[in-house]
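Order as written gives the chain letters A, B, C and D; numbering starts at 1 within each chain.
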Amino acid sequence: MRASDYTMEELMVVAGAREIRDNDVVFVGMRLPLLAFQLAKDTHAPHAIGIFENGILRDRPAGEALYTMGDTPNTESAIWTTSMMDIMALLQNERVSLGFIGGAEVDRFGNLNTTYIGGRERIKIRLPGSGGGSDIASLSKRFVIIMKHEKRRFLERVSYITSPGFGDGRDWREKIGLRGGGPCAVITTKGILRFNSETKEMILHSIHPGITLEQVLENTGWNLKCAPKIERTKPPTRFELKMIRKYDPLGFWTRNTMK
Amino acid sequence: MRASDYTMEELMVVAGAREIRDNDVVFVGMRLPLLAFQLAKDTHAPHAIGIFENGILRDRPAGEALYTMGDTPNTESAIWTTSMMDIMALLQNERVSLGFIGGAEVDRFGNLNTTYIGGRERIKIRLPGSGGGSDIASLSKRFVIIMKHEKRRFLERVSYITSPGFGDGRDWREKIGLRGGGPCAVITTKGILRFNSETKEMILHSIHPGITLEQVLENTGWNLKCAPKIERTKPPTRFELKMIRKYDPLGFWTRNTMK
Amino acid sequence: MKEAVFRFVEDGDSVVMGAALEAAIPFATGHEIIRQRKKGLTLIGPISDMLFDQMIGSGCIKKVIAAWVGNVIMGVGYNMRRAVEAGIPKKIEIGDYTNFTISLALHAGALGIPFIPTKSLLGTGMISEGQPFKEMECPYTKEKLALVPALKPDVAIVQAQRADEEGNTHFWGGSGVTKEAALAAKKVLVVVEEIVSKKTIQRDPNRTLLPGFLVHAVIPEPWGAHPSPMQGYYNRDHEEYMTYHQDSRDRKGYLKWLEKWVSGVKSREEYLNLLGEEKMKSLLLKRHRRSLPVDYGY
Amino acid sequence: MKEAVFRFVEDGDSVVMGAALEAAIPFATGHEIIRQRKKGLTLIGPISDMLFDQMIGSGCIKKVIAAWVGNVIMGVGYNMRRAVEAGIPKKIEIGDYTNFTISLALHAGALGIPFIPTKSLLGTGMISEGQPFKEMECPYTKEKLALVPALKPDVAIVQAQRADEEGNTHFWGGSGVTKEAALAAKKVLVVVEEIVSKKTIQRDPNRTLLPGFLVHAVIPEPWGAHPSPMQGYYNRDHEEYMTYHQDSRDRKGYLKWLEKWVSGVKSREEYLNLLGEEKMKSLLLKRHRRSLPVDYGY
């Protein structure tokens, strides 16, 4: 499939879905990850379970396109509808193997800021805040970050940590008292980045079709290291695209049709 | 009504019911208090609400005689069936105005032992334990004790506190960190005792029909003080008896028919 | 509705709204609060979706305690940004929580304990000085814990499907932090699609979210959650969220929106007239899916 | 049942049973554990009613963590007394909790936190030395608090009305600490009156007590809770509790009871044959009371 046959968002959904393993318990969240979960269920991860912080657990995609987790089709045919406490109990009790979060700013060690651009003391932009993102980052066994790859978003150091990645690297999470495993991948509009298992620094792992290494480096706010062999992100298959378009028929999330 | 027309248990149920005010939220428990609650609902406290630690809240008596709170008629037509956590949350959050508990041993300041006769170190008899009794004693705004009046049960000092009364008196509850109000009455097989508002010592308030003051004093293990004017406990009315016998048709709880 | 808001929501109160997250948001109640020009309120909720933004813009809010303030499908809330960044129409304070920790704070409030520990928050900007959270070493495991202090709101607005006249309330779908909020609050207002007989409640007591003795007012207000969805009654009106996002981009646009949808209507009835029958019809359920009965007999 | 107990209940395990208090007690599972001569088990439960007493008498129990051990309508449990007071058939240890604190301990386990504070326990004999509870001063209010450490049982036996083959479980009635126990436990066995289709579960997801991904085995065992009641299926068999109380007054009597009702039968089926059709019929519901449907459509 050629790059002109799909959008960057569709590629990111596919990349997100591929991070989901069969039998994963996925803290789904909203937007692209929600599509990624539905796609994974229809492809390689039929046994994955999705949980939603409003109090929903389901093991098959909703019967209609979702805009939010609170939409009525997400409740219909769920396995369990309950309270946020029950869902978060699963998360804190280490029953959740994978979470997804987005971010406005990320840094070299995968820390995310979705609250105060400019920091809490000198607020430039007030963003919506953590939502469940910080909880997922702290408590899930591993999590995937999905965001735009721009120089102003990829910083050496975020000015405020909403959702903790690896802090300043190495065993920071352990020292600070966190139980969860930290970020395992960053899916961006340019490529996929992963983390060095020792230093916990973010490392370029693959580049999306049509993007050059230079473009990635130029749009990263620090001296980004690369994996020994940088891969080319595998484009969506025809079936994957078909499924994404089924779950986002109007292209609200993946074809920029309505914003 | 003459003393020969009713049993001591029936009199105790009536006395228990009279402790329930209209609009009370009552932590009901089992045995005689359960009958007292049903009786109060049918007489002077139609707005009282009963809660049960297995997770039941109801505002009218069950449709059939109950042996335990877990019996099926106690669930049918309840207002709320839920978890113990929700019920206990009401209790700890000061939503419960009245609780009932029984005891094997009680002392001068209303502390109860239902765990170790002889104390934890020199166990003479191992009793069933706290159940919810200790929670009710600690957390309800006021509670009523119902038990047999015998010298071996009414002690200067219990050897083990399962459910706290007023400790060693006065502001002990406050000092120890308890929030609830402590015991307000002890309904026994001989009379009704209440507590001095300052010293928190148990004081004889009324004597049941057919019982003498001497019998009460003889069966109390310390020098029991009396109220300025000791009353005579009002016997059950015909209607009260009728209702009790409706809720305990076989006399299991109140006519000693089956033990 | 008018009377309940007048009597039970007082200036300066802290009020939980939107406790079920993106569904069952008490928009009708929020709009009535705006119309009554309440002052100095603190809003509490996990994800407020755009209701909090609407209320912030009206000037009746002093503080927001939340995990996320914005418009869930569109992103940022412009009134919130204007208030925080430029003090328009009024400077507001934001108490930053996460979804879980707001849930824990209300849970601690409901449980009657002063705090509850968690493994979330550690290493984040939220646990810094001046914030309500503390760190401690666990006396059992020696691990680091964050402590979340109890929240005891003055008012909880519970938006639900049905209740009887005493306030015994049935709810279905994901309830978010609704129960915790109601059990923690000093006053509870229940807003429902319909009032049903007490028997309907008693025939399925496990469906009860909240017993009536904790409820101060029961308000029947059909479509009271629009444009958010109410399971079993109507679907989400996504379009309204998109329109509001555009309308509220600048202050003038927001005021126009406010005049049209809130100040310019006297009640939910007038609001629904404005919304139009056709729109309402398009949001009705197309596919019914009824639960199967269970037996509570003996 | 045989296989599930064989595979998932191991010698030395801690096992929650009777989490719903006087109803839905897993008697069938308890009896199977006795038959398989498991050793060194720790039983956990709020009010065990007579099941724990039966198991203590069989010698497979090392410790009981509970708020109350006995026979709810008759009082004391004779096997428990013999074990504690005289070491017959074996000395057991008892961890004394209250109903609330056992609930909190399992809740903390389910929540993945090491402890939870409470205002219960203060001033009682339960918080004394050698016991699991600690006192602390609240860092917020400076008041005294008791701390309840988390319990994480090896196994939770969940007795419920119905589940699908994946273990998604529906329950109605008061559930006591069942959910907390199951969410806290490492292994979960679900014992139900009937296996239903997944669709039945999905048509009412608020009725779900527990999702199947936490469940290790689903065991259909009709009348598995007898003589305790199961809402919607059968009522409590009070007589059995009275008889057991008399039978177990001395060790010889208990052993006779054990031989007749547990060792002498191979399965629940044989137990029910022994119980007799007439008795079973007398326990069936006389008055059905079905819940009204709610709509989950969209």
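Quick note on the criterion: a contact is a pair of C-beta atoms (placed from the backbone, for glycine too) under 8 Å apart; a residue touches a chain by one contact, two chains touch by 3 or more.
What you are looking at is a predicted structure, and each value in this text was computed from that prediction instead of being measured.
By the document's definition of touch, common neighbours of chain B and chain D comprise C. Ranking every chain by how far its Cα centroid lies from the centroid of chain C, the top place goes to B.
Taking the mean of the C-alpha atoms as each chain's centre, chain A and chain C sit 27 Å apart. A straight line joining the Cα centres of chain B and chain C is 41 Å long.
Taking each chain's centre as the average of its CA atoms, chain A and chain B sit 57 Å apart. Among the residues of chain C, those in touch with two or more other chains are 112-113, 118-119, 143, 145, 172-173, 179, 203, 206, 231, 235, 285, 287, 289, 296-298.
Chain contacts: chain B has residues 56, 63, 71-72, 75-77, 81-82, 92, 139, 179 touching two or more partner chains. In this structure, the chains touch in the following pairs: A-C, A-D, B-C, B-D, C-D. The touching residues of chain D, when paired with chain B in their complex, are 20-24, 46-47, 49, 66-70, 72-77, 80-81, 84-85, 94, 96-101, 103-104, 107, 118-126, 128, 143-145, 172-180, 228-229, 231, 235-236, 238, 241-242, 285, 287, 289. Those residues of chain D lying in contact with chain C across their complex are 112-119, 134, 136, 138-141, 143, 145, 147, 149, 161, 170-173, 200, 203-204, 206-207, 231-233, 235, 285-298. By the touch rule above, chain A contacts chain C in their complex via residues 30, 52-56, 63, 67-72, 75-77, 81-85, 88, 91-92, 115-116, 120, 123-135, 138-139, 160-164, 167, 172-173, 176-179, 252, 258-259.
For chain C in complex with chain B, the touching residues are 109-113, 168, 179, 183-184, 201-203, 205-206, 208, 210-214, 296-298. By the touch rule above, chain A contacts chain D in their complex via residues 25, 49, 56-57, 63-64, 71-73, 75-82, 85-86, 89-90, 92-95, 139, 179.
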